């Protein structure tokens, strides 16, 4: 039987490739980066939600079991140039020049972090002490701790602004990025642990720590770590030359605030992968209205794209958690396997 | 710069403590570009179905024979600037008709004189005539008594006069292009132009009025191609002006107060320039200051109103003075450590300047000099601080600032006092170039003579 | 009806020895009439009411724990407190000792210094006078013993705050049919109905009378009480039945104060439920202490033939 | 015609000199009036912890502002300015100036416990009201409120003898708050009662006021309680950053 292509080596792709191999299916895992692991590894996430495990341990384990698997051929620093044919009989050409014969393909191509430069009023790119959640993750995972980039001091007061690049018509991002509330609560607790003298304020529009994240993140961050949540959409982040100044309206007090902070963190959202237009053209799959890879149907075939034989899983379909991406990777593997085996059976009959 | 800091290995910039995304600026742009290909960055404001360029309507109406357009032509030597939305706006730089400001002439006389002086210095040809009226927009914003028909009629009446004015000098119609001094007039005229272009009914009503006044062109309303503010002229002329400077501004920390009616009203028409404050601030005034060599210092209440508020300065002065001092002056002094605050509108400069004195009733003494961009430009190019820039009309102290510029204000003041004695004795010296003439009213000189004057120009 | 509460420890508390004496009198008279034994706690102390808690809640827990310890030492499994404040505090102490290590620690420490054994949670069960009658006699038992039915007496039953809130200190309540409810308590309604009374549907059963500030913020208290009184009248009640000396006194005092200070007169009478039950069982008005009430219900008794 | 914004300005934010002459110019009244900014420029980060250090305030940081406390509140129904939800927010975020606007009504909580009954996060808002009232007094923002006088009069008797005698509490409370015992309505009350000759009750009250009811063998308990109170006071004053009091106790 022809191998199945898994495009993308993040949580969804790693999970799909492993599931396929576990079923005895030959799999080719292709990733444009020179390392597997996807966003958690490439961006350098710290401790993951909800396990609390370090990303390099948790995702690293997933990488190792794939890299060591004889049924999985891994192609790093590689992209797919063309893709054609019918289900059960696809042909693909890679950037390396290799030609592949494939039974099916899985797009596990993930997302791109929102670039805060697109919200200039919140000071990213203007003031060095305005950073993103991804950068704070890196500060923590590097082991060097949370420090103000401008002069390396320990911040005494940090503001986390939620919904940066999410739920914002002004910049064409109308979706909720789903994970930022929980991630921010997680980061806030991390900061309070590391720097007990540093107060953390989270400025929110709504809190969406859905499901079990409610008490373990939203409640825990308040009850155990004394993180403060303020319902305010921030108007502007400026500086008085010494500290950052966060301006907005405290909606519960109905008064304007201009509060000094040492550090401002943007809880950046999840954009569709910047490659999605290319992927859409190469694989001839449709994108949904926001630019994510469209699913054929959520109910009868949740991993299917608009093209038979091409499947999708994880954050490629829209903002997604790591856990759900892993689950979707397995589901997509199952769907792809059913597709190639069904065809093989039909051919045999 | 971030790279330099990274090589130092300390916490600096977005340094080595975390792994950088390693995206080049191009890649970073590409990361979000796809969204912008389908949904524009500021889609609500700039989406074509939400915001149209009223000039498209104007050209269509002109083509349909509905209106006449006072076009900016080569004789006006236009310079193209980019607006907030990336649209092009042509700014005429020569053959200009000064549409003066009531408040400037009344409260800040050094404001228009500085502008005219700069134009003289640059050999710009203009007409400074008395046959013009107030735009009446303060009435509109201050009390809501003004109505759109009267405002639009006043607008077109004045611009028609600008269009026709050259005829008195034996020159063709449209020779002089109107340049608006006042920010209030500027915003209002742009708004009225927009209404006129959109509303057939309004055009009909205004046409009747202008017909009675004999101010139609071939029976049509005359609409200007662009409504142009003097600060836009200064902006596109900033380099030629800078070449004439005789004073070093490099030690000066200048803050800018942009006027709401200049840049918040009809924002799509406002000039932004990537070389001025990274395109994050309206370019006029800031650009000029940069070209003149001053340090332009940003401050956190940059965006705020001055407190004028139109009706507030009349009926709620407590608000105006509190806002002006606490939200603007105090911030500029304490946060930006400013030497001066530069404005480009009548009401703002009046408010920020005249309200400072009463601050001492509440121990709010800041003494921040306030002046218009053209006043500072004139000083820097050698204009007399009293006789020309007329800083003695300002309420906030400016002497220390003049010292910082290296101007001996005591000497200048003595010269001015001597000059006043001359004036009292009847030996009046006009500060204006006689070649620049007017077409009617007091001081009106016969066209034949004026025409000769212009020939010499 | 069970024999469980035939003999219980009795914790009257300070109020029942003072302004709430009528409640004490009627409760003991009722117990005697029903053949129930009440054995007063030996050398009890004040529960601290609300005031000690306002200064330090843990200290209040100690005060109540001491009383619970006395009941246990006297060999009782059950202690009955007719006063809502005492009842609430004993319940709260029981809860805090079981759930809050800090409270338990302090009680241990103070008990040792005071020279008595520290009470351990689970030693005795605290009940209210309502539980006592309801469990020991029950509605059927009452019905059999009624000599002068309360028929025709329209009653609004007022339970107040401390009997039901906060819910977590009353684990036996809200357990479905038969159990007491913390949002719509009904034990007093049940008992008085069994005695023949007509209980009106009174929406303010657990509203607050402002007893905490009866003297320190009299205007607020008067306002709150006046609302209770006028609503009871609007519901058609002749009597508000009470089961707490603080509420009872508050209602009586502010009924007078509303009339004197605000000029708002109300005619509804205020009686302890024990007084009403006692008279239904044929006890005289004097026996159940109505002469000690400030609210003068003599006309009503005359009209309904009660308390002779 | 009045301009509407004036009605939006809080009176305490208006700074006016009734009589003022500057450099020979009369600028009295509105000529020199300033409006103080509404802007909140910083948080008092110590405030939440200080109130949490007082009895009842321990769980304030759990609040998520659902408003169950306020919408169930007895006092809020009488006085809409009495808003536990709002105060808890102000304390949590350290908006001290805003809290102090309501400093004279916080003590009016009637401890009906409806808030504590309703609170989904187990904040114990009733306790927070007490802690806040204490904080306001300890910090010197308010004078001792009548309710605190009452609590103290009452508790002191309990601590002293193990029991209280209501008449004595009443008399001491009126004395400490400087009120006459012979309030019109109290007199009417007693007179109304006396008509029915509750001889037993009156005798009992008279005896109690002379021979104060007391718990026997209370002295050791009293000593233990007083020692504990002293420790608590020391700890609380430290948590609030206040100077320790001399050995008054």
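Structural remarks
To keep things simple, chains are lettered A, B, C and D as they appear, and every chain counts its residues starting from 1.
Everything below uses one rule, namely that a residue touches a chain if its C-beta (ideal position, glycine included) is under 8 Å from a C-beta of that chain, and two chains touch if they have at least 3 such contacts.
Note that the structure is a prediction, hence the values are computed from the model and not measured.
For the interfaces A-D and C-D, the C-beta contact count is higher for C-D. A centroid comparison over C-alpha atoms places B as the chain most distant from subunit D. Annotation: 61 Å between the Cα-based centres of subunit A and subunit C. Between subunit A and subunit D, the centres computed from C-alpha atoms are 51 Å apart.
Taking each chain's centre as the average of its CA atoms, subunit B and subunit C sit 80 Å apart.
Averaging Cα coordinates per chain places subunit C and subunit D 27 Å apart. Going by the touch rule set out above, the chain pairs that meet are A-B, A-D, B-D, C-D.
Every residue of subunit A that touches subunit B in the complex is listed here, in rising order: 43-44, 112-115, 117-118, 120, 128, 131, 134-135, 137-139, 141-142, 144, 147-152, 169-173, 236, 238-241, 245, 247, 258, 271-272, 274, 276-277, 291. Against subunit A, the residues of subunit B that register as touching in their complex are 10-15, 17-19, 21, 28, 30-44, 280, 298-300, 303, 335-336.
Note for the complex: subunit D touches subunit C at residues 55-56, 74-75, 78-79, 108-114, 116-117, 127, 130, 145-152, 154-155, 157-158, 162-167, 170, 173-174, 177, 184-185, 188-189, 192-193, 195-198, 200-201, 204-205, 208, 213, 215-218, 220-221, 223-225, 227-229, 232.
Of all residues in subunit D, those touching subunit B in their complex are 3, 5-6, 14-15, 17, 20, 22, 27, 30-37. Of all residues in subunit A, only 157, 199, 201, 218-219, 222-223, 226, 228-231, 250, 252-253, 255-260 touch subunit D in the complex they form.
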